[in-house]
Each structure stands twice: as C-alpha cells, then as structure tokens.
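Each of the next two complexes has subunit A plus one more chain, namely subunit B in the first and subunit C in the second.
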Partner chain A sequence: MGSSKIISNREIFFLVLMIQQSGLFWLLPYFLVRGNGTAGLGAVLAGILAAICIILIGRYWGRHMPNMGFVTALRQRHAAIGTITGLLFCLWYLLFAVLILYSFVDAAQKQLLPDTPRIVLCAVIALLTGWMSKGGLEALARLNMLCIGSIVLMMTVSIAGTADLFHPEYALPIQIQNTAQMQEAAVHSVFCYSSLLSVFMLYPASADKQTMHKWVLAAVGIGALSLIVWTAYALSVLGQYSLQAVLWIPIHLVRMVEIGALIDQTESLFMVLWMAIVMTIGSMFLWCASEGVHQLVKKQANPYLHWGIALLVFLGMTAIENTMIFLRVEAILAKVMLFFLPVMLGLIAVLAMKRRERE
Partner chain B sequence: MKKIQLEKAKPITEAIVPAEISASQCASQTPITTCLEENITWVEQYFVRCSDLIVRRFCIGEAYPCAAVLLYLDGMTDSAVVHDNILSPLMCPVCIDAAMGQKVSQDYFSFMKTQLLPAGEITSVNVMEDGVQAMMNGDVFLLLDGSATGLTIDAKGFPHRDMGEPRNEKTLRGPQEAFVEAMRVNTAMLRRRLHTSQLKLEQLTLGTYTQTQVSIVYLEHLANDNIIAELRRRLNNIKQVDSILNASCIEQYIEDRPFSIFPQVQYTERPDKTAAALLEGRVALIVDGSPDVMLLPVLFTQLLQSPEDYYNRIIPGTFIRWIRYIGLFIATTLPSLYVAVTSFHPELIPLNLLLSIAAAREGVPFPAVAEALIMELAFELLREASIRMPGAIGNTIGIVGALVIGDAAVSARLVAPQMVIVVAITAIGSFAIPSVEASYPIRLIRFPLMILAATLGLYGVMLGWLVILMYLVQLRTFGFPYLAPLAPLKNHELMALAVRMPRWCMMVEPLFHKRGGNVPSGCSFFHRAIQPLKQKGDESRGQQQNNFKS
Partner chain C sequence: MKFWLEYGTWIRVVPLLVMTLLFCSGCWDKKELNQLALAQVIAIDYKDSQYQTALQLIIPSADKETVTSDNLWTMTGTGTSVGETMQQIALAAPREIYLDHLDLVILGDGVLRHDVGQALDYLLKENVLRRRTRLLAIEGDAGKLLSDSAELAKMDIFYMDNLLKDQRRRVHSSDAIVNAYFLSAHNGLAETIVIPHLVLEEKKELRLEGAALVRDGALADWVDKDWLSGYYWTVGGSEIVTLPDEYGQIVVELDKKKCKWEIQSEEPLQIKATLRAVIKIISGYDSWRDSAEAEKVIHSIQTRVEEQALEHIRDTFQQAQKDGTDVFHMGRWLYAWHPELVHADKWPEQFAAMPVVFEINTSIEIQ
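Here is the complex of A and B:
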C-alpha cells in the first residue's frame, strides 16, 4: 500500500526552501560581478559554489534532524533566533504567494475581464489556491509534473516560432560595451523564469525517499540549464534594452509566434498555459507559508489556520496597487533574504554547537 | 428439546420485523434432534409462509425401515439430480437392505456418503441453521429419524443465464464470452484460464438478509498482500449490512471516496480481462448475482485501455489507443473550447472560418453556451431513452433524435449547424471510452467546463481542468495514486501507456505487484495473459525474459 506521506514534512519543507533558494542563487554571480568587478568565469564559479553550499546545507539538515519540520528544527536549535528565522521564511513565502497570484489576477483582468472587480478575482483565486494547497505538497508536485509538459511545449513553441529573430550576438558579453546593462536585463529574465524552475524542482517531492537527493540534484541541474538557455535566448531575441521593459517574458515571446492559418493568434492559448503554471506555483508558496506557520504554532493540519493564511494572501493581493512597484519591493526583499537567511542559519548552527559543547 | 426449538422459532414465526429474523439467525445455534418430526417442524416454522419449501417424506429400506425427509427449496435445486442421485438410491429397498444388513442403524450416514449417493458434495451438519443455510444455497437437506446429524447434498440447479457475449465490452478479436450472474460459473471461467493453484478464491458471506456469496480472487504470489488485507478488512466491516444485491453495493462501502464522480474500482464482464488483471497483481471481487466482476485497485489510465489493444498488432494497437485519448479530450473539452473560442477568443480562429461561423449563427437567438447546454442535455436525454427502450425502438429513437430533431433545430434557427457538429463529435468521442464507469465522469465534467468557458473563456476551461487535475492527483485507490503513472511519473508504465509495446518488451514490474513476482511482467492489461504462468519460481526473471525473447 502506498503511503500518502512518502517523504517527511521536514524534507518537503526543506525541499521547497531549496527550490526557492536555487532560484535565487543564480543572482549571486550578478551581485558578485557588480560588487567586485569580476566577470565571466568567476561569476559562474560563484554560482556553482552557491549551489553546492545549498545542497550541502540541505544534506546537513536532512541528516541531523530526521522527521522534523524545517521551522521546528530551526526552533529546536535555538528557540528565539530559530523562531525569528522561521517567521521570516513564512513571510517570505507568503510574499511570493501574493506576488505570483496577484500577477495571475492582473494578467487575467487585463486580458479578459476588465470590468470584473479585482476583489472578486482575488477572492476566487485565493479560494482556489487555498483548496489546492490544502492537498499538500505531494499532490502539488504531481500536478506540477503534469504542467511540465505545458512548459516544455510553450518554450519549444516560443523558441521555434521566433528563431528568425534570434541574434546570438545580443547575448555575448564580449561584444557589448555596457555589460552592467546586460546583467540587469539577465537578472530581470532570471526573476521571470525562476518561478518556472520551481515546477522542475518540485518533481523530487513525489519521488521515493531513497532517491530524492538524486532527483533534487537532477532537478537543480536541469532547472539551471533551462534557466541559462531561456535567459540567453530571451536576450538574443529581444536584446538587453527591450528585455528590461517586458513584464512577462515567456508570454511576450509566445506572442511573437504565428502558427499558420489554423490558429491565427496563439497568445491566448499560451497565456492560459502560463496561468496554469502560475496557479500551481502560487499554491506551492501558499502551502509553504501555511506549513511554516503550522510548525511555528506547533499544530498539525489545522484547516482554520490554513484558510487563515489563504485569507492573508487574499488581503495581500487586494492591497497591491502597482505590480511593478511590488516587483521591485519583492526584488529588494529577496536580496535581503538571500544574505540574511544564510547568516541566520549559520548563527543558529554555531549557537547550537556551543550549546552542545556546554552540555 | 422441543421447548427449546419453539422458543427459538417463536420470534421467526411471529416476526414480520426483519431485524428479529436476522437477530435469531445470527445468534442461535439449534442442534438437530433425534426426533424427525421436531426437526421438520423447526424447518417449517423457519420457512413459515414460504410456499417454495418442499418437505419430501419417505422411508429408507424395508427390512430395517427408517423414516427420512428431504428438505429443499423449489427452484433452487435441480429436479433431475434430486430424483436420480438422491431419491432413487435412497428409496431402492433392495440396495439398502442388501448393503447395510444389520449395520443399518449404526452408520447410515457414512454408508450414504461413501457408497450410496452419487452426489458431488455431501456435508454432515449438526445444527439446523447450517442445514437451512445450505437449502438457501440450493442444496438438499436430508434428515433421518433417530439421528442427530443431517446431510446437506449438493443439488444446485437454480436457473441462471447462459454464458453469452459481452454487452458493454465488445471486441472484434479475442474471446467472446462474458461472466454471468452465477458466481461459481464465473470462478470456473477464471480457473479455466489460470491453471494454477496460486489462484486463490476466498469466499465470504455478506448481507444479513441476502447472505450474498462473495469471492476475493487473486494470484497468491503476485498480488500485493496489503491490498488483499485492506480489502478483507473493509469487507469484514460490512458483514452486518442488510443486503448486498450487486457488486456495486459493495463498491459504495469499500471505496475511498464515495462521493467522487470518478470510479475507484473497475468492472468487467470479460474473463480474459479479469485474468490479465490478476496477472498484474490486482484483486478481483466476484459477487454472486452480479454479472460484473470488480477489479481493484484501478488507475484512471487503466480505464482507458481495452483488451483489444493487446489482441491487435503493435502499431494498430497503439493507434487505437491514441484515438481513444483524443476521444477523451474531445468528449470532455470540445464543447467548452467551442464556447470559449467563439465567445471570448475569436482571434484564434482563421478569418474565413470565423466568418462562416458568424454567418451560420446569424439569427440564432441563444448564446453559444445556451446552445451547447441545450444540445448536450438533449443528447443525454436521447442516450438515456435509447438505453431504456427495447433494441429496435432504441435505435429508432437514436436516428429520430440525431437526424430529425437536429436537422429541425438547425432549420428553425434554434441552434447553429456547427454546434450540432460539435455535439455529435463529442458524443462519438465519449463512445470511444471503453469503460462504462469512466464515461460517466467524462460526461459530467463537460457541463461545468462549458459554464466556466462561458464565463471566463479559455481561462475558465483552464481553471476547471486545474481543479479536476488537482482533485485527481489527490485521489487514491487502495493507497495507490489514481493518476499514476502520469503523476507520480513512472517512466516505464508511461511508455507503455503511450505505445502498446511488444510483449517481449514488457518486462517491468507492474505497479500493483508484490515484489518478487516470479513471472516477467508488463505494465498494462493483457501483457502476460498468454504467457505461461510458472509455479513457485525457480527461474529468475532474467532467465524467463530470455526465454520469452527467444
């Protein structure tokens, strides 16, 4: 008989943490390049180093805290700092959930339902994602698995359909004077595509416990490779200046595709696929936030708590006035978290080690 | 003793309230007495106002006569068996007297069982309840004066339908026989295909009133122990229900989510399909009185497979399978796509086609969604009516409905001709689904999808599918993910789902298998149905694989 919980909550939560982290560690090269003036191979090495660090941290937590939720594990290492760090994680995921779902609402309203009040759309989406995330990460991972086909299709179509606009010289830093501008564009592209990475990286959540690490590594590798390819392709087609002005790069690329006489405008079709992906990713972040809060308050599968988190997401969505401003705020927070969280994790590890020595 | 009998019998004779009968049946164990008349009275009181009770009194032997009685229910037994195999030998004084001599009174029953009665199965019983239970199963209950033991003699002969062709699972190739209502006939059909002692048939009785015989059938070395144990547990939990009239009654008690529109067990009327499922490590449940055998667990993808996939050659088999997948997509989504595209996304349609659609819809007073709903509902009505009607009239209704009403509706500008085409293609798509139980959810989800398409366009269709998929990935059947091998992804099984692989390529352990199954296995129905099933495995799977390849 199959078990409904193939992998423990701790592993699941950590897995998701890794997913998000791995989406962001690609920014490290950018920060390093901008901060130190290094370029090229140094940035790539820094990225690889960051990825290895994340995987090693994952293995450490997995081995030393078996059968324990990630936030619970943090708190056990050091109550106060662990709680703060856990809370930050939860807020971070909540923020991502709000951002992703708001983008869905924004796109749906602009594309199709300009007369429908935004609050209605937000309520529908919050309810739907609340229900979806209630099914658990394993179910979300399976759903994502079905979505991977849509992503591959969309990307293939966008690449095949815009091949005539492909200019590889746009993506080569050696021929460009203003590399910083190109890096900015690449980071913007990474932000757009990083949510797609989550879809790839959720696959291990439904794998067997024994083979999970292998799948995580494979997912990180495939996701990273895809990210590089897509970013480079987007740069090659749109160029660094146009790229920064585009909000949803995959959709913009697909919009440029024309599929003969049978289907005149593919935009709506692919927009729908994109929405499906966004919905599942939003549900995943909502689940992460909910799971973290459950661990913070030491409760298990409380429906009121879960729907409370969904309500927060709804309120967050209704509070946003401008998507671009929100994106900028999110980018700043992401950078803060990127440096702050490892410091907190390290601090917790050191404090725990000292406590062990005392004991 | 008599007093005891009357006390036990009293509630039965008085009781019109069924609960009292069941209570007495379950609780009491009335021993057979040496007084024949007392025993007869007990049985008569038990079957009071049951006109089919036959009480046949007679005398055994002449030299040493002994009063005896045969008790059975008319219609449940085979008259020829009762006459030729039971009454004739017992009422032949020459035989009895000559054979028994002085030992008649000492060991009548032993003599009857071993030498006199040419019946297949004879069982000694000591309590009346066992005797009457056997009578209700079609046996004959024999009692002798002076003996506190009775005999139940197999003489089953209740009427049942002859074996015929499958009605709902027709194939062009392969066996053309179907299960019937009699459980023993069905088990025999399976035994005929699986000549192995590994085929186990665990029998149990369910339903206080119906006392329905149910068999759990599985191949011991292949079936997953956890599934069998869980099934046993769930069946034991429903032993005290009032009635089990059909396999579907059991389904409602044992499935994981009773309110789900998606079936969590599979029914089949084909013995070959059942045998293949058993070889996959699945479990069959045969219910007496039901011509459909229940197979469990079932995955959604298995509901889309047909035995014919494996009877055809590889490429045609694969082609047919993909036609069925396309049929599934059409049956669920085509009307909603039509509504969404015509109402919200006309830019997706080429200009010429768009103009043609617009011209045809000119003068139609309803929006596309109303048209679609009306036509789909009309089609569902037609389908229901043609099923209930006798053959010829059913066909007529189908023709009248499809041609006459459809044409009239288009002529009257009530619906656009394109909508008639869409509904007709949708109907054809739904008929391509080989499983009856899978066709219901497919027909049902079409309607909410249409409404969502009418309100949110393609986004609505996508949201609807997202909800359906999310529900399906959460669904489990006896612990197995319902949407496997799609999610969670199982590469080999997924490959077999896409392509009907050659039989010698099917060497993957099926999802349901107990590990260490000693036969090379595939991943879909019928992958091993014609391969020889070995007794307790001596050979490794690799060796067998080579054998099959060679």
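Here is the complex of A and C:
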C-alpha cells in the first residue's frame, strides 16, 4: 500500500474539499430542503460542528501519535480496545466507500444507462476503484488535484446555463415549517460530515502534521460554503416547492442547461465529470479501509487483502438492490453515526491522552 | 516462436480481458438511429375517464438523409394513465420509442379540465420535459390534430416549432413554462401558468392565439391576444403594434420590460406596479421626422401607447382577479419578501380584493 508516501497539506486540502463533492454530499441537499426549503440549509451547521470536533480531536491525536499508521498506533495504546476501534473504523470506511460508489451507480443507471445490469456497473466501479486505490494515497491525491478543475467547470456551466432562470424569490421566505424534518436533516448532515473521519488515516501521510488541521478546516469551510451557495442557487432556479421530491438536485439543475441548440442533454457531460470525482473519493475510502485492515493484520501491500476489500465493496454495492434500500441504509447509518461518532472520538482522545501521560 | 503464454502472464491477461468486457457496459444502452422511432410531438386528451395519447414519430431511414412524410408516423393509445397509453403505443410501434427529443406537448381540453399534473407526471418522471419542450393547449381533441388532419399536421408541426421558437425569442417568460408548472403546483398562492393556445382553423391553418390559464393543475380560463398583450406588460416581451395616425400608419415595436412591483401601503395592503418599456418607431415616420411637428407627434405616440397599455393591463388584471388566477406571481413575490402580509391559505381571496395602482414609464426612439 502507499502508506509510506507523504503527501502535502495542499493535497490533503483538496482531498477534503473533494470529499465534500462526493455522492453523499450531493444527496444531502435533498434531506436539507425537504420540508423546510431554504431554511433547512441551517441544518448544515450540525454537520460543520461534527466536522470541527473531528478535526480538533484529529489534531490532538496527530500531535501525540508517532509516525505510524492510525490503526497500528491505536493497537499500540491498548491492544484489545485499539483493535476493536480500528476494526470499527475500517468497517466505517468500507461502508462509506460502498455508499459513495453506489450513489454514482444509482444516478448513472437512472440518467444514462437504464438497460445496463446494475451488477455490471458495480463490478466496473469496484474494479476501477480497487485498481486506483492500489496505487496508494499519493497517486490518488495527485489525481484528485486534476479533478478540481472539473468541479469548477461543472459549477460554472450549471450556473451560467441557468442564470436566466434565477429568481431569488423562489428561495424565499426562509421559514422553518417542519422541525421534525429539520432534526432529520441535521442527523444526515452529521453523517455526511463524519466522512471526515478519514482525516485520521491521512494524518500519518501529512508532510506537516502541525498545520494540517488548518488546511482541513479551510477545506471544510470552503466546502460548506459551496454546498450552501449551490443549494440556495438550485432553490432559486427550481423553487422550494418543486425540489421537495427531487433526490439528485445537482443533476436536476444541470438538466436545465442547454448548450446551443444541439447539446441539450448536458447531464451526460455532468455524469462523466462526476464519475471522476466519485471514483477518486470512493478509491480514497477504499484505500482507508484497505490500509486500516493491512495495519490490523500487520501486513504490507498484500494484493489478496486489498482485492478482498474491493470484493467486499462490490458485494456491498450489489446488496443494495434499489434506491429505496440505499436511502434506508443511509438513514440507519446516519442514526448509528450519532452514537458512533462521539464514542469513537472519545476513545481516540482517551488513547491519545494515555500516550501523553506516559510521555 | 512461443505461442503459449507463461502462467504468470495468463494471471494478468485473463482479468484484463474480463475488465475489457466490463468496460463495454455502455453497449447495453446503445442506441442505433435506424432502430429508433423519435417522438417529436405528443398530444394528450382525457375523455370518458380514459387518457388518449397520440404520438408523432419520426422513423429515420438508413438510406435517406431528409425526413419526408413517409418517415412520419402517428400512433395512438388509450388507457387509464398516460403511462399505460405509452405502453400500448410502444407495443405496437415498429421500433423503440425515443422520447428524449420531444419538442411539443399538446394538451387537449379534456386533460386541461381534468388534471394537467397527472397527465404530465409520466413525462416528468421519464425526464423528457426539457426547457426546449413546449406546452400547447388546444380546445377540443388534441389527438385529432395529429391523426385526422395528418397531412396538414405533418407539414405544420415543423412550422409550429418555428413559430414557438420565435415566440420564445419575443416573450421573456415562455422558456420556463415547464419549470413554472412545478412552482405553481399547490403552494396555496393561486399561481397560474400561461400555456399558449393552438388554434386549428378549418383544418387548413395552425396558429397561436391567446392562451389557456392553468391553476392548481386545471384549466381556469381561456384568454385572447389582448389579454396576453396586457400580461406581457408585467412579465416582459416584445410586441409590434400599428397605430393609425393622421400622418399615416405608424408601426412601433414595444420592448416591454418586467414590471416593478412595490408596496404602496401595508394597511390596507396596496400594491404599485410600474410598467416599463422602450417604444421603437419602426416605420411610418418619413413624412414627419424632419418636420417641426416631430416632437409633437412623438409625444402623441408615446401618450397613446401608454394609454393603451394601461387600459390593457387593467383589463388583464381585473380578469385575473375575477378568475382568481395570479398569473403575475404577485403572491409569490409578496410571500418571498413580505411573508407577514400574505396568508398563504387565504391568498386567492386577498388577491381578488387587492387594489393595484398602475404607473407607466416609457422611453421612445426612432429606429
């Protein structure tokens, strides 16, 4: 695996920024605006709060951990608790990889490839991400830098192509109408931002651990701002009432773009760009899971272990049969995360503190 | 020469071959043009609790580059939902029906009175309603336009498309019509969409005249071109008007801007609408342009246009209030910026009794 490689904080900044453009974050606007329209965007704050907690504890851990892998370090503090914590983290990364990659399969099949069997799409995605993540974090980080341009291009095209339909009054007034759905949106927001738990795997690879948290915080800030602006823009184009039942809001917005008289199915272009993003981020989570398991079983660059994890991602994707099951799994995991996140962060903090006391 | 590969090479080659096959996943969804029937127009009717759908299809032939009447088919289906009618057509069609190039959706009288939302639901779910897709309303059976007078329709549908493109260029609000449908759907603000009215005159000529007003998914009223003229003063658009004058016939182009709404008083709630336009004199100015009376004539034209505009907009507004059709989206505007002044559930009553003061602000130029 590529754990021995060191990546710059700038590359980590872009990785964290890109995590916030992955499938789960593009699903988040659906939960946010449902029931409350523009006011629902306030629920992002719960996620940002969770992200700040993760980053601060990550910083504390980063300061007191030696230059070794996250799971290896956990196991060194306390063999049993460390192993269980590490295993849970690996499982969590694996689930994130499955959900992010499945979100793309789902949208691609609905928008572009309705006749292609889902199992084939899942197999292709699992193979590609397996191959990409095998290249290690450094390769992924470099590829990710290239993808940033596509994000900017996509946003520019979406906004420029729909600017004539922009009406701020569609997104107003900002009123909370359904507090129960506001709470639900906050839970989903926390779940999405819990993907930043990958920061713990990134810490050992950082070239400058002392300042890494600043880069991650900046990426979260920019990502959150872009999420809010993007969703508010979509609301101003499509209206609060019309977006209540739309699952993939960015795709819906892009569908309104017409480039000239001939190229009107712009979502195809969008899907290609999105594929690049999802593959990179899905590969990163697969790398996190694989790297974690390698550390757990004390192996290095074992292809069977790596492809075994990729196989699990494939099986996980095929186990989700349709969008309803995907949303149900997502909802369950979001609720589980509310308990998982503080427990995991607490354990990490305690283990880091023990190390500090020993020092 | 060694023909057989090493064992280790096979281990690499076989997965590569499998992967190559998997990367051909797009082949499942390949679309060959000569295996498709391209739907261009759909006409939807509702009669005796049944939906009737007529679909005009272009069947491209491999050996011809141009589309002639031989390539145009009209197929019909009947069922309890539009989806069912489409299934019927698909089962009878000679090729796979491709809906992604749908240009026109013609809604018959029956569907307009029944439920537009339900009729469009299938097309919306199939993601085939795009910005370039035009909605048209027709009094009577929409399907007849495609089936009974087939020859005429085949020729004129292309003409219709161009006519609509021209309208789209001239009227600022028409290109968001499908989107506006979502927005007006049951938000309690009596929002109404304006669907251009297609008229088939003595089975000889197709033209656009007036519009159908659809509120909460059902037809509220049919309106004429004078009503539309007043309506365009609020949403913006361009219109060519001929003014008979003592100096001859003067043709002016009115470049109407979106009107500006303001609150004049909160208690009682009174709204002020400022209509804005640029009056461009296109022709009929040769006899007086260089004379001493030019200024007087220009002033007279401006006054006349303003008086006519105020008359039109007052009539349009009064009819909208009478029908309870907020085509101006005033409720949405008020609810967005001053939600405390609007009771969403009582807006139709509030709108019907709302006093509105109209002001007009124009500039004039000779082209």
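What we mean here is this: the second predicted complex is superposed on the first by the 215 of 359 C-alpha atoms of A that agree within 3 Å, B and C clash if a C-alpha of one lies under 4 Å from a C-alpha of the other, contacts with A are read in each partner's own complex, and residues count from 1 in each chain.
Quick note on the criterion: a contact is a pair of C-beta atoms (placed from the backbone, for glycine too) under 8 Å apart; a residue touches a chain by one contact, two chains touch by 3 or more.
Small disclaimer: the values here were computed from a predicted structure and weren't measured.
Legend: residue contacts after superposition of the two complexes on their common chain; A:165 is shown touching subunit C, with no touch to subunit B.
In the superposition on chain A, A:113 contacts both subunit B and subunit C. When the two complexes are overlaid on their common chain A, residue A:275 makes contact with subunit B while staying clear of subunit C.
In the superposed model, A:74 lies in contact with neither subunit B nor subunit C. When the shared chain is aligned, subunit B comes close enough to touch A:142, but subunit C does not. Of the two partner chains placed by superposition, only subunit C is touched by A:258; subunit B is not. Shared contact residues of subunit A with subunit B and subunit C: 111-113, 264-265.
Subunit A makes touch with subunit B in their complex at residues 1-4, 108, 111-113, 128, 131-132, 135-136, 139, 141-143, 145-146, 203, 206-207, 261-269, 271-273, 275-276, 279-280. Across the interface of their complex, subunit A is touched by residues 224, 226-227, 230, 344-345, 347-351, 456-459, 461-463, 465-467, 469-470, 473-474, 476, 478-481, 483, 486-489 of subunit B. Within the complex formed with subunit C, the residues of subunit A that make contact are 111-117, 120-121, 123-124, 127, 164-165, 168-173, 175, 237-239, 241-242, 255-256, 258, 264-265. The residues of subunit C lying in touch with subunit A in their complex are 19, 22-23, 25-26, 28-29, 100, 127, 130-132, 175-176, 179, 182-183, 185-187, 332-333, 335-337, 339.
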